[in-house]
Every structure is written in C-alpha cells, then in structure tokens.
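Two complexes, one shared chain (subunit A), two partners (subunit B, subunit C).
Up next, the complex of A and B:
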C-alpha cells in the first residue's frame, strides 16, 4: 500500500525546509574542511595556492609536523592550558553555583553580572589582561610590589607566558561553568537534601555525599563542553603573546595559525596538517560528549 | 529557608562580583586615564583626573570599524535566521527520515575550531575572489552561529503543542503557511536568543576577520583594536576606550535579555 498522499507531501515539505541548511553545510562546512584536508596532503606554495596544481605529498606534512621541534611543546602547552583552565573554571564555577543556589537579596543581579566576562569580545578581554599584566605599568605587578613581592614579567618571560594566558582564559570560562552547574543544582529537589539533613548529615557531608553525586551528569556535560571549547581557544593566546616568547605559550591552535598566516612566507600545508590533528582531538571528545548526552536523555 | 543570614550572603556576593569584574573596571579606569599618568606607579585606582581623550580618539579613528561591525553583525543575524528557523521547524515538527543524522552533523559542526575553518575558507575565497569582502566575512561568521541556531530552534519548536499544528492542518493549511503564520510567531523567544548570539559572535569575531579580511577596505572593530595594539601604540587610554565601546553590545544584551543569555548557554552553546 502506498503512503497516504498527505504523508508524502509532508516529507517533501520537510526536505524543502531543510534544503537551505543542507546545502549550506555542504558548501560552507564540508567543502572548507575538504579544502583543508587537500591542503595538508599536497605541497602548497604561494604560487601553487593560486594556480591549484600542487603535487600530492601524501602524509609527508603530518610526519613533518610531528617531527618538528615545535610539536612537542605545542602539544604539551595545549594539554596543560586545557587541563589547568578546566580544573579551575570548574572548581570556581561549582563553588559559585553553590553560593548562588539559595536566593538572597541581589543574588539574581549579581549572578547576571558574572556573565559579563563570557560575553565580552575576546579581543577586549585579551587586551585588558595584556595591559593589567604589563611588566612596568600593569596593575597586577603594582599590587605584587605593594605586598612585598617582586614584579613578574608575565607576558615577556618564557616562564610565565603560559600561566598568564591560562589565568585570562580561566576568568573567561568561569561564567559558562557557573551557569551550567547552577541550572544543574536547580534541578535537584530540595527535599532530598532535607531528608539527608533529618538523618543528621552536616552541610559538608550533604553536599559531597548527596548533592555532588546527583550533579554528576551535569558535571560531565560541563567538563566535556569545556574541554571541546578550551582545545580550540586561539584568540586569547594569540592576542596576548602570539604563542611566544620563543614558543613558550604556543598551542596547536596558535601554531597552526602561525604556520598558515603568521609569517611572511605562509606554510599552508603544514598549517593545515596541524589544524587537522586538532580537529581529530576535538572530535574525539565531541563524540564522547554526544554519547554521554544521549545516554542521559535516554530514560 | 528564609531569614538565615541573607544579608551576610549579599555582602560576600557583592565582594565576589567585584573581584570578578575588576578587569572590566580597570578597562574603564584606564580608558579615562590621561596619557601622562599612564605609566605612573602606583597607578590611580580611580580616575581622579579623568579625560575623554581616549574616547575622542575612538570617534576620530574607529567609527568606520564600528559601522562595519554593525553591518557584519546584522548580516550574520539575517543569514542565520533564514537558514536556521526553517531547518528547526522541519527537524522539530516534520521529522523526515534522516533528520537524526542531520542533527548529529550539526552537533559535530559546532565543535570544529574556527581557526581551522579559516584556512579552508581562505583557500576557497582566494580562488573565487571573496577575500576582503563583507559578504565573504558574513558567510564565514555565520558558520559559528548556524548550527547553534538550528539546535535552539529545534529544541524550542519541539515544545510547541502538536494540537496547534494539527488544528491548522485540519483547516487545510500547508507546511509553509503553518511555519509562517503559526510556528514563527510562537517562536519569538527562540528568534531573539539566536539573533542575540549570532550578532554577538559576529561582532566579537577575530579569527575570520584577521584571516579573510586582512587587507579589506572595510574592517570590523576587532581588527581596529588589534591594529592599535599591533602598532605598538602606547596610547592605552585610546585602546581601552575602544575596548569599552566594543563591549557595548554585550552589555546591552545582558541588560535587555538576561534570561535569553542564560537560556542560550544552557542550550549547549559552544563559544568560539
């Protein structure tokens, strides 16, 4: 039996509505990614970039970037930057979410104000932090000196550059963690904790034994989204240090950009290879995220 | 639970907020500082000798950048809505075979770093001559917002009761009519959320602008600020004044649409 005409028409209508976004995804997502892959598998120079006749190079560029002396540091900095950022963002976000859990006068307004760092253009945050961390005239060193410490070359010494961009990134990511964890806490019924309180559990015990385990699904989502988001952070690092001094704060994202766009003579092919490695990493965590989310949505 | 030391909590809350927002206060403070006080040690904690020199520099030098950013932002909003709203309707209400796969692709698309997309776009734009053009930059910026927009519209429109649509179908309305006269008017909140974020992300974009519009005649404000810093400019009051002005959309957004912002973040927004 053929499908009723209404249903067939509906199916056509559905795809008519989906056609624009499908075409868009193919042309403006799939095609640039394909071009990126093509870039990494051929020997592109500035000339062949224009003429489009670059010779096939196979996996040479991938081998090249992995053996490059810049690769190890970039991978290590990406790992440290991501892990430290997420750990602090999550811990501070969780603390604030618990603090804002019970309403008090002004709590709604203050919680809204906490969102500001997340909404500012990254170039605004990055340039503000750059000036605050300026060695001679920055407010941070001024406070350090008043407290009896000695000034630190935050952005210009290889020892501190990565720490500086990490601090700025933590500041930007706190609101995101606060909002997600706060809405997660709102979803936990107060009656459960009250029951635990009746059983004689103190506030500390109540939180770690009852509330925190119940918050685990939201925590997992928050951490995974944070991971995907932090892996691809580029603006902050590039604007504050350009990955320097001497590669001391370079990540895979800034290295890829520097290879492709940061030098007088662009190295598109190695740049694309680094970028594709980063995509593979982001997608790995992305798939884990989707799995976790699906499992939570299932009853 | 009322009456248990809420005042004490408000005090701590204000203190925490002040610490968190200190960099923003500092940006405003520096933007009002006189040139000769810029390297004073210790710095002035409040703008005692406030000057508007920095803002005068913004008016003199940055207006074209700001105008360009507004055009790019509005263009990105329009493109995102036109693509995302119909798709959300189809995924939420018409559910054709393959809808699940498309939803999956959108989730994945959200995770691809813009800095990597930029290189592919550069290669394509170079070939078709779209480098340094506003439509080119608008299309690239929209890739940040379109997957998010479809997901928000789908989630929101799924919440519209099926009876509403069924009643219209009984009256003989087609899919287009239902979408235009019933679903869209009911989706006002989703439209606002998506528009706000699309505008904000396009306004804030630095990656696409710095790669695809390096040599453009019309450049957005993010490049305006970057130029300022890059030229080893020592007039930090002017740089910070530009930063303050560039923060206005975010501030307005928070003032007028706070609940949409929180809704947008919880919708799983992955910001670039």
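Up next, the complex of A and C:
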C-alpha cells in the first residue's frame, strides 16, 4: 500500500490545474486591459510611444474626449444604433422563434436559412449591403424607382446614413436572437401551456401570461449579450459609411478606431480613452444584469 | 475509461499551456537576426517569391553579401507595425513606406537621416524627395512615384462632341461635363470618401485653385470645393462619390457610363482591360495649366539601429534597390513613374503613353511638403470632413471650410 499523497502535493496539483486558465487570463485579458488603461492615462505621441517615456496625463485625455465636438454625436449615434438595433432584433427574433416552435415541414431548413447572416463574414455582408444601398447602382434604389419612388442616398446623406447601417445591423443580429430565444422556448415544458389552454387561456394570453414570463431569464441574457455586442459594432459601420458623411453615422467604436488608426498620425491616447469608455458602458450593463438576476433568484 | 482519458487531456493541456509561452519567449524572433541576415519590410503583399520585385530584393542582398528576410505588409498596417517594432528595438534594416508616413515615423525618431546613412539622393527630383524631408533633414529616397490625372472614355466624349485636348481649365472641363451629361451618360467620377483617400483626390483641385493647406478657409479653397459640390448638384458627378474609394470610383468608370475619372497611375493596367478606348489628360488648374497633384508612392528608408555598423550594408541595399537600372524594373512592375529624370526618359522611350504621367509627376507636390510634416494629417482630416459636409449638402462650401480651418488651427497649434 502506498502512502496517501500529502496535502502540499495536492495543493500543487490544484495550482497546476489552475495555471493554464490564470496564464491565459493574464496574457490575453489583464495585460491588454492594463495596456489600454496605460495608453489612455499617459500622453502618448508617436515619439513617446517609440521611446516609452510618455508623461503621465491623468484624466486629461478623458476630459479632452468628452469635450470634443465629435463626442456628443458619437454617443448619441451609439445610443440610437444600439437601442433601435436591439429592439428590432429582439422583436423579430422572438416572432420567428415562436413561429418556428411549431414543427411544420421544412421548418428546420427554413430555420437554417435564417442563420445565413450569422455565418457570413462581416466584411462580406457589409460590402453587400453597401453595394445594395449604393445611390447610383444599388438594387434598392433601382427597385424604388421601378415602383415610382425617388431614389434615396442611403449611405451618402446625413439623414439616412445612420438608419442604413442600423438596418444592416438588425439583419445581422436576427439569427443570434432567433437561436437563443428558440432554445429558450424549447426549454419550457409543453404541459404548462396545455394546462393554461385547459384553463381557458387563448393563444394571445398563453403567450403573454405564460410563455413570455417563463422566457424572461433567456430574454435577459439575449438582450445583455446583444447590447454588449451592438455597443462595440465597428466593421459594419466602417465598411458601409466610414462613420460618414462627415461623422453623421460615427459611433464611439468607429471614432476610437479613427483616432487610433484612421489617420496617418495616430492619436493612441484619446483613442484608448474612447475605447475604455465603451468598456465601462458594457460593464455597467453587465452589472445591471447580475443585479437583476440576483433579485430574480432570491426567494 | 473516458473519464481517465479526459483527465489526461486536461493534464496535457495544462502542461503545454504553461510551457507554451516560455518556449516562445526563448526563441529569438527579432526582425534583424544575425550579422549576415538583413530584414526588409515593404507594402507590396501582392508580390510573392516568384515576382520580379522579390527576386530583385534577393539579388541586392547577394550583391551586398547578406541574406534578406523580406516581409510584406498591407500598406495601412505598415505604419503601426513599424512603430511597434521601433518600440521594441526590433526595426527592420530597410523599410519601404508610403511617402506621407515618413514624416510621422521621422517625428517619432524611428528613421535615420541620410546624414547618418550617407545615402546619395542627388539624382532624385526635388519635389518627390520633399516628401521624405522634415526640418532640413532627409529621411528617405523615393522608389517610384504615382499621382492623379483624368482618364477619359473616348467613345463617350466623341458622342458628346467633346475634344479632350481642348480642356485646359475648369470652365472648359465643366462645359464638357454638361455636354456629356446631356447625352445621358455621367460626366465624371472621383473619390470623396471621408478618409485620407478623399483628401488625396481633392488636393489637385485645391492646389489647382491656388489654395494653401495652411489656410483652408481661403476663397481659392472655397472655389475648389464649390466646383465639386456644383458637379454633384448638377448631376455631372454621381452622389456615390461621397462613399467611393478610388477602387469603387474606378469600377464606376469601367462600366463605360462615365466620361471622366480622376484616378492614379496604378490603374493603367486595369485601363487596358476595360474594353473601351481611353485617354489621359493632366488635371487642369482653375485658370489653366497643370494642377499640382499630390505625389503617391513609397520611400526607401533606413530605420534607426542600435548597432550602427549595420548602416553600411543597409545603404548598399538601398543603393541597389534605387539604382537606375533596378528602378526601371521596379517601377515598371509597380506601374510607377521613376523619381529620377534618367529613368523617366527611359520609361517614356519604352512606353510613350507615360508622357502625361511623367509631366504630372514633375508638377506634383508632396502632401507633407512645405515643411508641414506631421501637421499634414491634422489638416487633412478637417479638410475631408469639410468636403463631406459640403457634398452632402449639410453646409455651404464656405461654411464647411471655415469650420475645417478652425479645427485644423486648433489641432496644429
């Protein structure tokens, strides 16, 4: 009989098992976050970035960013873009999820087809949208004209640019909402609805009073993930309008990119500051979610 | 059984995850490896090992008695890669970089001057060399230049009764656009996108009106922007110019529905594939003459090294890449105009249609010239914003440029 393994040895084993995830978290999460904070709190010019002696600037860059004339529009566009995207994605996704709950012939195939926007690389879908909405040769304007309407400058007029990128983003986000809500619906036992039906609840009442409340945890996580995902959407906007014309569809994400990389003279520090503001916003929504969840779990 | 197997996998991944980063850090992954290996970075990812360019690079290495480690980056990626490498004292020995970026890198202390490296730049055309100069020092030597001119569709112009040779000033050009539009075609396409590309395309008109980048709100600047705005308002130019890159603008021209297109030397290869006959004229100035277009193209630079003894070999490499004979090959491959008059003469003799381009390059002007240097990006951004504001009809050209000047003045203070 071998001697039982010592406590110390067991602790070492525990640390060894923890090590990969710790190393992973530090290398890929903690360090980049620290670097981003460092970038935003020091005054990095091209020279000090290379030489590594950037002076400490405190919150100056945050103040500068908030006072910048581009900040107000970018914040407003981010809010509108996120709110409208989420509202439509969720509503359409929920409608489709309920629809696909009835198993009819070809329902699986149709549901799979709805996933296409999710499977396409964003550069492909954004370029396609940008091509469809082109003022001169776009298919959307050509249909409008054939129906007797006048063409709209979807991507090149300040009135429509934000709406156009929002529409494209809604289309891309629907499958995500559909999949999550559909699996949530599948998790609700059919017997509960049957019981409600026996008690005389109509289909409308059954949905609003039984299904929808039972779907609440899944709805909450869908909305939260959608929110975080939409806040930071960058590629669609950048590919379709570059945040233009003249900032009329700029969001915090595109503005941050423009500051850091969109110019020959990179402004790393203000760019990092805007990025950090975005992280804080996402974090706030995460905290709200945790609180709501805790209240739900409490007896 | 499966349980044991799963445990083993976890154990294995735990070990590899811990060992992984350590293993990586021990391998020497420096851009400039040993004494006989020299690193060259270029923005030509379209060229692979079998291309003339890469063969030339290797040949130059052999001639200097070293092996070359060549890495190609996307041009928009190269600036940040070069900055990161410099931060880690890991710069390549030779860096070929887009001309307006040179002043940014020089300002960051990344590049060695020709005083340090003793590179001979005397044969280079001064207006092209200016893009590599900052504060009286020279940081790079052009490998080739390109610039903008007006391509035209011969059939479209003929149908509208327009003679391209008669277009010597803006009034004549606008008149020609009106005639073309009257035949049901589009007059002209260009790129007015809200990025550096948009400013690049606008500058020939801006400079052609006599405006200066130091005064964006001048009446000359306003007349240049009004020209573009009026074209779009009158339907001579499509509304899509606001979102056009130079590539999408070219695609519009390639449909055969446009009279003119403002585009660069690099489209010459594609122009032959359009299937219609085309011609090229220089961009006219407001009251006549050739407007100065901005220079495009790359400069060969030598980044600062701690081991200064490496410069001697780097200079041999630069000298080889920019020698008369090799410039001819390189610029033919890249579809560029050479930066020295000797090679330009050779190019024109071989390809007479390059004549327009050579004169356009001779009239061209670096964006960072006039000692603007790193101020240029801070001026360019307000300029393209003004362009977009005016073209989308949010503000008049004058108002938009007044805002731009205020922003630029604040940023370059």
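Just so it is clear, the second predicted complex is superposed on the first by the 277 of 299 C-alpha atoms of A that agree within 3 Å, B and C clash if a C-alpha of one lies under 4 Å from a C-alpha of the other, contacts with A are read in each partner's own complex, and residues count from 1 in each chain.
The definition used in the following text is that a contact is a pair of C-beta atoms (placed from the backbone, for glycine too) under 8 Å apart; a residue touches a chain by one contact, two chains touch by 3 or more.
Predicted, not measured: the structure shown is a model, and the values here were computed from it.
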item: Simultaneous placement of subunit C and subunit B on subunit A, clash or fit; value: clash
item: First, second, both or neither for A:246, with subunit B first and subunit C second; value: second
item: Contacts of A:33 with subunit B and subunit C, given as first, second, both or neither; value: first
item: Which superposed partner A:136 touches (first subunit B, second subunit C, both, neither); value: both
item: Which of subunit B and subunit C A:278 touches, first, second, both or neither; value: first
item: First, second, both or neither for A:265, with subunit B first and subunit C second; value: second
item: First, second, both or neither for A:116, with subunit B first and subunit C second; value: first
item: Subunit B versus subunit C as contact partner of A:24, first or second or both or neither; value: both
item: Per-residue contact with subunit A, leading partner among subunit C and subunit B; value: B
item: First, second, both or neither for A:50, with subunit B first and subunit C second; value: both
item: Clash with subunit B, by subunit C stretch, listed 7-15, 25-33 or 223-231; value: 7-15
item: Shared subunit A surface residues [contacts with subunit B and with subunit C]; value: 16-17, 20, 24, 49-50, 52, 130, 136-137, 261
item: Subunit B partner contacts - residues on subunit A that touch it in the complex; value: 10-11, 13-18, 20-22, 24-25, 28-29, 31-36, 38-39, 49-50, 52, 96, 99-100, 102-107, 110, 112-125, 127-132, 136-137, 139, 142, 146, 171, 174-176, 179-180, 183, 190, 221, 225, 228-229, 231-232, 234-235, 239, 253, 256-257, 260-261, 268, 271-272, 275-276, 278-279, 282-283, 285-286, 290
item: Contacting residues of subunit C [partner subunit A, same complex]; value: 10, 13-14, 17-18, 21, 76, 79-80, 83, 86-87, 100-101, 104-105, 107-110, 186, 193-196, 238-240, 242-243, 252, 255, 374, 376-378, 380-381, 385-386, 388-389, 391-394
item: Complex contact set, residues of subunit A against subunit C; value: 16-17, 19-20, 23-24, 27, 45-47, 49-52, 130, 134-137, 153, 155-158, 241-248, 261-266
item: In the complex with subunit A, residue positions of subunit B that touch it; value: 1, 6-7, 9-10, 12-14, 16-17, 20-21, 23-24, 26-27, 30, 38-43, 82-84, 86-87, 89-91, 94-97, 99, 102, 104-109, 111-124, 126-127, 139-140, 142-143, 146, 150, 174-176, 179, 200, 203-204, 206-207, 210-211, 214, 221-222, 225-226, 229, 236, 239-240, 243, 246-247, 250-251, 253-254, 258, 261-262, 265-266, 268, 270-272
